Amino acid sequence: MIRHLLKLIWNKKKAHSLLLVEIWASFLVLFGLTSLLVYNISKYQEPIGFTYENVWAVSLRSNRDTTDLAEKIQRVLQRIKTYPEVESATQMSSNFPFSQSSMSNGVDYKKKHVMADFYATDENFAQTLNMPVTEGRWYRSADSVGKYTPIVINQKAKEAFFENELPLGKIIGDRFKVMGVVNTFKAKGEFMANTPAIFELLDPKSSWHDLFLIRVRPGTDALFEAKLVKDITLMVDEWSVEVDHLTDSRKNQHNLTLVPVIIFLTVSGFLLINVALGLFGVLNLSIAKRRGEIGLRRALGATGNGISEQFIGEIWVLATFALLIGLLFAAQFPLMNVFDIQAGVYLTAIAISIVVIYGIVTLCALFPSRLAARIQPAVALHEE
Amino acid sequence: MLTNYIKIAWKVLLRHPFYTFITLFGISLTLTVLMVLTSFLDHLFGSHYPETKRDRSLYIMQMRTQDSTRTGSSSGPMSFKFLTEYAKSLKTAERVTICTFVNSSNAYVGSQKIKLNTKYTDADFWEVAEFEFLEGKPYNEQNIANSDQVVVITDDFKKHYFGKTEASVIGKDVEIENLHYRVIGVVKGSPVTRPFTYADVYYPYTTPKSNYQRTGMRGGYVAILLAKKKSDLKAVQDEFQNNIRRIPLPGVEDGYKFAYVEVKSEPYVENFTGTLLNGNKGIKTIFFGVIAFILFMLMGLPAINLVNVNVSRIMERASEIGIRKAFGAPVRTLMWQFIIENIFITFIGGGIALILTLVIIQLINSSGMIAYADLTINVNVFLVSLLVCLVFGLLSGVLPALRMSKLKIAEALKS
Amino acid sequence: MINLTNIEKVYRTSSIETLALNNINLNIRKGEFVSIMGPSGCGKSTLLNIMGLLDEPSKGTVELDGQRVSTYRDKELARLRNEKIGFIFQSFHLINDLSVVDNVEIPLLYRSTNGKPRQTYAKEALEKVGLSNRIKHFPKQLSGGQKQRVAIARAIVGQPEIILADEPTGNLDSAMGNEIMNILQTLNNEGATIIMVTHDENMAKRTHRLIRLFDGTQVQ
């Protein structure tokens, strides 16, 4: 039967070429869309590794003031810790969770060169963000003896550097000593790829790290926030103070990912509906045109179901051709590792797109071919 | 005659409502997407409130310094002093404004927090950007010389800070970060998509915390150069580059030794795409490749669809054409019918697209997704895309019909 | 073999009602060669359609081998049409997109004969109707008579017990017509039951029995 279908399609190749192109193009659009979705969903499924509710980021800017900056920052931190509303506070570099800024550096260990995100934090960081340490412990200020800076790495960094080795106590990049390992840390939110991250103990004498993360008691409101800002500016006048709630920053980060995805999704969604309607129309017409053939096949012994199977079979063969051509294109993405995305994402996307394309063409062919199956052979033949 | 054709076309369209629907859906979808997209691009790059003189403006957004081996680089906005020396002094420019890029801050009213964006500007800012003053007036050179603690605020900020009030707030006090300012003017706000002019609160650069006295080359300031006319842009650009070449090299900034300095003054679009892609060739080609592919698919898929539906509808009439010809019907009348039908349906599709676009743009403008969004329909784009649809319609409808009319009658009858 | 009792067929459209067949009683025995004659529009094709299980009568019963066909389901009807009955249509009904052999092998396709024997059977059938030199042609490239012969080849390829022929010689000259008649007669001698519609008295004379229809009623 398949040979028969192939012959039918081959003999009508001119009329089918447009359909072929259309299915091929839809497959590519769908492939783009599903790649984007699969990529983001797979990222979303990995936990961000910390809690952000009731955490505020307080950033300071010294403006014109240039004297004793580090000491002033420490004084402000100590003051913040005295408020009963503040459960925990930590000082860190400006690339705080969900912020727009990021910092990454290459680190070498045993001929391996790994790009990792760097976060300079003090000893209270894990506690403030409720980050569980899976191996070893979070560093303390007291760890900073000798020439090595204590660091904590995430699971991804551990895999990148050590594979099966035990990481604790190892020295990487000639100056970092691993004190502990945390699970995941996705600072830019759920849609960030899980990449290697390194936390290093910050130097309290440096004036660079002018940002605090504070965990406040649930229910703390803007009145306290206003008081906090006022108190800080009274301590260090001329300085600017800004408070961001991590929940807000997270929303902003999410929008950066979600808005383009949603736009792409709606546009491609409409495109595919458009294609499905067109396909349906074309199939409807071509089946209507072949009523005589249907009547004849019935007269020669085809069952009603046989007829509708034939039409669905035809469109499947056609779709298979289109998909094969489409695969030639799509396969380049996992093969050439475009955009540095894992091959698995592309392969899943290809699989989903193939299923959806078969689904769409089946749906489009189903109704007209069901109609065709119900045609009385005598009537169809008479009309010819 | 024409009305007669249109009547026939209308009847034909109604006779096959499903195919009419498919065709209309395709045409209006494509046109709508295209128009919303271009309207958004126009919103980003066109000359709109308050940057109405954008077409004769040059933007200076960042300075890029590199060490002698060109391995590392550092870039960012510049200091007020640097821009005063190298940009403000330009003789070919009509006016030059120096202001900070967007900074954020908080203000508190009772138990409510207002997140706000602030900008420190000079007095020329109000000349280069044409804000509409709802109340009061901008600060002038005198205010700046006196270091007056005054601010210009937007209507949106006024609503949040002072509540919904019709009464003037000129002369009232605003407290931000423990400092008190007197409101001197209220303007209609600028959308966030225009970062050179967008803010909630505008301060004169001589108010505290503006860091304008900073001595190095880098800082928090950017500049807009306004040329006298569009044709002067090149001259202004050249003069500015001449100034930049006078920067002593090599130099040191914040402990960073640099051997090369690059500061560009560019029209807005180039400035925007330049920072977006940051000169990286590989990313640039991939980026434009992906955009081109998406656009191609966006246009191509509905086009294929349209052609496909049209061709199969014409093919359906093949034997009809054959029989009519066999009995001597002039093919020209048949052709005219197809042509009118296609033009007709394209225009209906265009009309629907126009309405849809208006609705979507209205939704975007009023959704608050982008505050002060002012998307408008670009008539040129609309007409061009309508023409494209027409070409496709005619290609797909009339070409097969033409081919069939050239077909020998016997052949047509046989199919 | 085929038993028709009190057959009536009414075609209804929104405005008109045509009585195509009226009170037909007919018994066709196995191995018979029957011809049907009558003026144009008298219901010959309609009768053939009903006997070939392509259409249902409005009234009356059709029995095939003693079994009432109205009790069969679609699948069984399809099998009967495929294996028991061979059709030759008045207007050929060839599939334009398939070549001559591919057209002829269709009945075998629906009884899942393998590809190789299918082609051989189809070629044999085409040889019988004298068309073995045209097997790769497409229907559009054939003359009316050639098409008619392809239609006959297709009807006999499955070696059905009953052959229903609607004016099989209508498009042919008398020499060719005679040849077709010879083929049918050979088939009949080999045991096939044949029912043939014709306008040609000479052809009708060569059959066992003649049925005359007039305005939907059997007159003889």
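Per-chain numbering from 1; labels A, B and C assigned in written order.
FYI, contacts are C-beta pairs under 8 Å (C-beta built on N, C-alpha and C of every residue); 3 or more make two chains touch, one makes a residue touch a chain.
What you see is a predicted model; the values in this text were computed from it and never measured.
Q: Hey, which chain ends up farthest from chain C, C-alpha centres compared?
A: So the chain farthest away from chain C turns out to be B.
Q: Give the identifier of the chain nearest to the protein's overall CA centre, each chain being represented by its own CA mean.
A: Here the chain at the core of the arrangement is A.
Q: Provide the C-alpha centroid distance between chain B and chain C, rounded to the nearest whole angstrom.
A: Their C-alpha centroids are separated by 72 Å.
Q: So what's the Cα centroid distance for chain A and chain B, whole Å?
A: 27
Q: How far is the middle of chain A from the middle of chain C, if each middle is the mean of its Cα atoms, in Å?
A: Centres of chain A and chain C (C-alpha means) sit 65 Å apart.
Q: Spell out, as numbers or ranges, the residues of chain C touching 2 or more other chains.
A: There are none in chain C.
Q: Which of the residues in chain A come into contact with chain C in the complex?
A: Those residues of chain A that touch chain C are 1, 3-4, 7-8, 11-12, 292-293, 295-306, 376-379, 381, 384.
Q: Going by the contact rule at the top, pick out the chain C residues touching chain A in the complex.
A: Those in contact with chain A are residues 49, 52, 54-55, 74-75, 78-79, 81-83, 87, 89, 91, 93, 95, 97-99, 102, 106-107, 109-111, 115, 138, 154.
Q: Could you please specify the touching residues of chain A with respect to chain B in the complex?
A: Chain A reaches chain B through residues 15, 18-19, 21-22, 25-26, 28-29, 32, 63-64, 221-223, 225-226, 229-230, 233-234, 237-243, 248, 267, 270-271, 273-275, 277-278, 280-282, 284-286, 288-289, 338-339.
Q: Considering the complex alone, what residue numbers of chain B touch chain A?
A: Result: residues 18-19, 21-22, 25-26, 29, 33, 104-106, 108, 110-113, 115, 177-178, 208-211, 213-214, 286, 293-294, 297-298, 300-302, 304-309, 311-313, 315-316 of chain B touch chain A.
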